[in-house]
Structure formats: structure tokens, C-alpha cells
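Paired with chain B in one complex and with chain C in the other, chain A is shared by the two complexes that follow.
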Partner chain A sequence: MMDIVDKIKGIEGVKVTVQRENRIFVDVSEDKVISTLYNMKLIGFHQLSVQNVIDRIKDNKFEIFYVLYSREYKINAIVRTWIDRENPVIKTADKIYPSAHTWEREISEMFGIKVDGNEDSGKPFILENWKDLPPMRKDFDSVKYSSEHFVFRHSEGENE
Partner chain B sequence: MSKSYELFIGPNHPGIPGNFSLKIELEGDTVISAKGDPGYLHRAFEKAMEGRYYIQNLALIPRICVPEPDINEAAYAMAVEDLMGVEIPERAKYIRTIVLELARAANYTFWMGGFAGTLGLYTLAQWSFGDRDYALDLFAEICGARVYHMYIWPGGVRRDLPPGWEDKLLGYVKYMKERLIDYDNIFFKNVMFKYRTKGIAVVTKEQAIEWGATGPILKAAGVAQDVRKDDPYAAYEYLDFEIPTLTDGDSWSRAMIRRWELENSLNIIEQAVKKMPKKGPVWEKMPNPLKWYVPEGETYAKVESARGEHGFYMVSDGTGKPYRVAVRGASHTHMFTIAEKVLIGQRLADVSHILVSLDVCPPEIDR
Partner chain C sequence: MEKMTEEQVKSIANMLRKRSLWMIHYCTGCGAMELPPTMTSRYDMERFGLAPYVTSRQADILLITGYLNVKTLRRVITVYEQMLDPKYVIGFGSCTLNGGVYWDSYAVIKQLDRYIPADLYIAGCMPRPEAVISAFRHLMELIDSGKADGYKRYKRNLAYYKENQRKVLG
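Up next, the complex of A and B:
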């Protein structure tokens, strides 16, 4: 395992943390994330398992994470980067990992993050006629939304 | 005049196991483009999980995959245990393995019926849907529910197996092994099945790797990748089993891989029952549900589902509710990165069985 850790540490600008056996965090600045993903693929991380976002609202940041897998080393490496919550933009990774294309479509809809280079960014994906805040953001109040848009129904037998 | 026309497959269609729509464009009966249209099953599971206590989410997550709900329980429990640093008891590891393999066997049995149905062979569909019920009866005995079990919990499993259950389970395994001979004779050795599926919708080894395929799609293309072997969880590291592979990567190969995986699951169940400690705790005591604070951190836990890698990315901020849970279902990649590509050039009559051979499970996409 230390072989692969050393190889990853050789990529410019990364901070590597071993979480436990077979799990490594690779933290990188926003401007180096695509080159890091490219180098990770060259090292042997052939598969993008999932790409998604965590809304770090207290820090006013979005954390973008890419869970990669190497069959050769049997290790998951999680590449993480942080971007500002205001006017958030990331670059597409779909030229490196084709499956990123759809994850990015979902991210752009659910978090309102623009994905440069992904022609489907900003187009409706799962939601239909959505006009509110992107729903996976922490400041989107789902209970308030539901009470404003749907009629409350009492269950059968429940006291009015 | 335009030579092409559009056709909607779904949101309700025999070729789609759940509510999902596929918009295809055809020239004659040849597909020239295919676009998935998700959203019909979106129930905001990931958002809902952020507002619920860890224990409350256990009632929610099995619904992310109807035919095989237990993979969600296992990946969720593993993520919580990872963040809390909990090691589950030995007997619980075996019980989890048995439950997961029983769910896998039930899923493949269900799948066989759906697949045969798309080829017009409804006898197998009637048989296999009936046989799946025997597995659901076994689930009902251990947890009171047939479809959504909520049996695998953080710390182990909810309660021990009822007396005599293991014998009933072995009876089911014996019955299914005999039944597989019937399935082979009526379907897998049937020339109609071979003619309809051989050489159709090929995903080569290079494509499968490049597109991020997992599970039977990858195995059918010749790559022996399986979470149970590569990153063992539950009791898989103590058990002896092989990962089946084929090389053609076509609809036939994917179907055959699932047939062998079903047999594999039955063998794993037999071994696990034999090797399981006969006594011992099945649950590592966890905190009071209302004071169940998970240490701050993030982790990724994954299991092998009937469709491929199934994972939960969990983030805790140290409170009693998860800060963020992202679900990785294999169908997400298999639909948009693979199905949309391999359907091009295929005939309309083959679209349904190709989709079922890729085993796209819509709730994993919508979540």
C-alpha cells in the first residue's frame, strides 16, 4: 500500500492522508484537481465510482469529492477539493472518466454548480420545472418547501 | 420528410424494472440514439437522510433498491461502523453474509424472470417469480418483512436467527440447486435464448473498464473484479468462492454470468451456514438512538450488489444525524455511460432485453 501512497505523493500539489486500509484521501486545490485526476488514472485508478458534493455552508465552501478505485492495488482513493459557494464553477472530468458526465449533470442541478466543458451542465436532469434554490444545498429548507407546495394529508384514523 | 422518429420506452415498460423513461430515436427499427430520462422515482433519499437520526434512516435506505434492499443496509451500517470504529461480532458477520447472498439469489431469480419475459418466454417468469417468494418467506421469518428488511444494523444485525431457520435456509438452497437444472433446460440451454442474445450489445473489456462498469457487465467482458474478493466485508474473507468471467461481453454473457452468480450465492450460503459460530452475540451494543453521536469524519463504504459496486459516502459532523450521505448505485453509470452507447445500432425488438441484461435499477439513479 505504501508504494501507491508514494506514487500519489509524487503528484504536484497533493496532500495525502491514509484513512485506513484501502482508503486514501487526496486533497488538492481547485486549480489542480483535473490534472490530479489525470495523473491518478495514469497511476492505475481506472474507475470513478462516485463524484458528488458536500455543502460546507459554515465555511462558505463546496467540497467536491471523486471516489476512485484501482483494481491493481485494490484501493479507493478519494480526491477532494474545495470551491467557493458564491458563483461555484468546476471543470469537467468527463474526458478522463466518462461516467463523470452524468454525476456532473446531477451536481449542477442539485447544488447549482456550473460545470465548465460539460454541455449538459445546467440542463434539467432529475427535477422538473424546478425554480427554487438547488435542493441539496444546506440553506434549502425542504420542510418549508413541502408545506408551501403540497397539501398536508392526515393519515387515516389520525385525530384532526 | 424526416426518416427518423422518436419512441418512449417507459416510464412503465416490461423492459424497465421500475419507473424510468428512455427516449430512443429510430430509423426503421434501428436505434440511432438513446437518452435516459430519470426522475420518476426521485424521493430525495439523500436530502431526507440529513434530517433524520442515524437509526431513523434504517427505515428509509432499503427503498433505494427494491429487488435487493439489503445492500443499502449493509453499506450504510458499514459506513457508520467505520466512522465509529466499531468491529461487529463474528456471528453477525456470517449472518450478514447469508442475508446478503440470500438477497442476491432472490434478486437474480427475479431478474431471470424479467429477462426471459423480454424474450417472450413467460414460463420462466412464472417459475422464477414464484421461487423468489421462497426467499422472501425466509426473510419474513427473520425480521417480519418480506421486501424491506431493516435487519442489518450498525453494530451487527437486529436480532439472532430464529430456531430452525438455518435448516429451512438449507432446504431452500437444495430446492434452488435442483431448480437451476430446470432453468437451464427451459431457458439457458434454449437455442432461442442463444439466437436472440449472442453478439448483441457487446461491451468489450476495454470499453467496460473505460466506462466504469462494475458487476456482471465487467465480468461478462472478462474482468474478475468483485468487492467481495477485492475489499472483503462481512465474512467473505473466510469463504471460498470464485468470480465467474466470460469474454464476449454481449447480452448472452451477461445473462450467463448472473446464472452462475446465482449458483455461487447458493454455495456461499451453504458454506457460511457450516462455518458460522453456533453461538455468540450478533450485535455490538450501540448508543441510545437519541444520543447516538457519530464522530466527525467522512468515509466510503461499499459492497457488491447484484449489479456491481454499491457504496455509501457518509459525512458526519459529530451530531446525531448524518451531515451528508451520497449513494453510489451501479445503475447510475450503467444507464447513462453504457446503455446510451450500446443501444445505438441495435434493433427495437432487442432494446428491452439489452436493458435488462444491463440490469438498470432506476431507484439507484433517482435516489
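Up next, the complex of A and C:
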């Protein structure tokens, strides 16, 4: 375990936190994500389990994270980075992890994040005829959207 | 021998019809879990003449389990329109009834009967196989008495249903 942590610490510009046995957080700045992922793959993290986004609306940031797994060492490593909420753009990781291609397509639809280098980002993926804010953003009002588009059923005797 | 009236022919047809119902189940949500015990030896719905079926063209009942969202509603309508008359729709679980726990979701449509005519609802989350069997028995009574006329209502009020469908599907 610790020799892997030392190897990861050798990558330029990373902040490594060992959360518990077999789980490591690797925080990097926005511009070093792709090179970090490349180096992580060289170390032995061959599998991208999940790539997703958390909307940190209080800090006005999007947290992008890549959950990597190594079958060899049985370790999860989570690479995290933060980008601004205004005009969010990330670079594609699909040259390193091919499965990132589909994750990025979902991210770009659900959060409205543009993915540079991924020609499928921005194409419709799950939603149909979507014209509102991307639905996974925290400032998207789900109840309001739902009550505008779909009709509630009121049972008999209920006050409207 | 006296000639039978049209009423009598219809009532005999309905009596026979209710004894042999084939069901296509459109399982979008968690409700599909309750159907294997309903179909297999534990509750054995085949003793009522009900059988699960795989294609929409041969099925009589469309059982819709779980929530429906904009994407799956489009497929449900296709399946429903492929089915031949007479056809019956059962909404299974509270999600088809009023949205259930997904009432505030951005994608879930809340009332099935605004888009296709539902003959029967099974309330609950989840309805147990006993409730499913009881709903089938009730549907049989409705067919016998000629009250299960959802497919006729769909033809009669096609403009209303199509307008509602267009509103959510675009």
C-alpha cells in the first residue's frame, strides 16, 4: 500500500490523502488532470470505474472526480479536481481510459459541462427535448419543472 | 332453436375472453420483482388462465410496473398501439398512479391515464403478488360485465390522449 502511495506522490503537482486502507484521494489542479491520469495508468490503475461530477454550489465550483481501480494492488484511487461553474470546460480522458468517452457524454448532458476533444459531448444522450437548465445542477428546481410539465393528481376531497 | 341476439353473443365472447388472458409486462422499475413469484409455482397465475407473453401483437394485457418517464412513455405508447383489440392496461404500483416517491423528479410522468387509458390500478409500493392476482380477478369481472373498455375510450378520445402525449414528448 505505502509503496504505491509513494509512487503516486512522485507525480508532479498532486496532493495525496490516504482516507483509509485501499482508498486514496489524489487532488490535482485543473490543468494537470490528464497527465496525472496518464501517470496513474502507468503505475497500474488500469480501470476507470466512475467518472462524475459533484456540484459544489457554495464554493461556486464543479468537482470532477475519476474513480480508478487497480486489480493488481486492490486499491481505489480517486483523482479529483475543481473547475469554475461559469463556462465549465474539461479536457477529455478518453485517449487514456476509453470508457471515459461515455461518462463524459453523460456529464456534458447532466451538468452542461463542455468536454474538449470528445466529439460526442453535447449530443443528446438520455434526455429528450431538453430545453431547461441541465437537471443535475443544484440550482435546477426539480419540483418547479415537474409541476410545470407533468400534471399532479389530486385525490377527492383534497384542498388544492 | 332461437337465434342469439348481439348482446348474448357479446356476453359469451366476454366470458370466454376473460378465461384466457395473455400479459405483456413492461417493467421499467422495481415492480418487476413481484412478478416471478406471481407467475411461478408460489402463486401460479396460470390457474386463472393468465400467461406471460413476449410480444405485443399477441398480448391482451399491458401491465406497466414502476415509474414511467418521458423516455419510457414513448415506448409504452408504441407497445400499446401495436396491441390488437381488445386490450387492457393495468398500472402497477403508486408510481403509475401519482408519481409515487418520484413525484418531484424532472423526468417522471405522474399519471398514466392521461396518456393511455388505464383500466385498473394496483396501489401500493410494492403491491404483493396477492394484490396482483386480486387485480387480475377484478379485471376478469370488469371484462365479463363489459366495463373494461379502455381501448374503446382510446379510440373515442384519441385527440385528448394525443394532445397530452404531444405535450410531454414533443
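As a working rule, the second predicted complex is superposed on the first by the 153 of 160 C-alpha atoms of A that agree within 3 Å, B and C clash if a C-alpha of one lies under 4 Å from a C-alpha of the other, contacts with A are read in each partner's own complex, and residues count from 1 in each chain.
One rule holds in what follows: a residue touches a chain if its C-beta (ideal position, glycine included) is under 8 Å from a C-beta of that chain, and two chains touch if they have at least 3 such contacts.
If you're wondering where the values come from, they're calculated on a predicted model, not measured in any experiment.
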May I ask you to decide whether A:Y38 touches chain B, chain C, both, or neither, giving the answer as first, second, both or neither?
-> neither
Counting touched residues of chain A, say whether chain B or chain C comes out ahead.
-> B
Touched partner set for A:N76, first chain B, second chain C, both or neither | first
May I ask you to decide whether A:W103 touches chain B, chain C, both, or neither, giving the answer as first, second, both or neither?
-> first
Is A:F152 touching the first partner chain B, the second partner chain C, both, or neither of them?
-> second
Does the superposition put A:P135 against chain B (first), chain C (second), both, or neither?
-> both
First (chain B), second (chain C), both or neither: which does A:F125 touch?
-> first
Intersected contact list for chain A, partners chain B and chain C 126-128, 135, 142-143
Chain C residues within the chain A interface of the complex = 70-71, 74, 97-99, 103-111, 114, 167-170
Enumerate the contact residues on chain A facing chain B in the complex.
-> 19-20, 22-23, 46-50, 52, 54-55, 65, 67, 69, 71, 74, 76, 78, 97-99, 101-103, 125-128, 135-136, 142-143
Over in the complex, which chain A residues touch chain C? Could you list them?
-> 126-129, 132, 135, 140, 142-143, 145-146, 149-153
Sites on chain B touched by chain A in the complex | 38-39, 42, 44, 46-48, 51, 82, 209-212, 214, 223, 225, 230-231, 298-300, 302, 309, 311, 313, 315, 323-324, 326, 328, 332-333, 336-337, 366
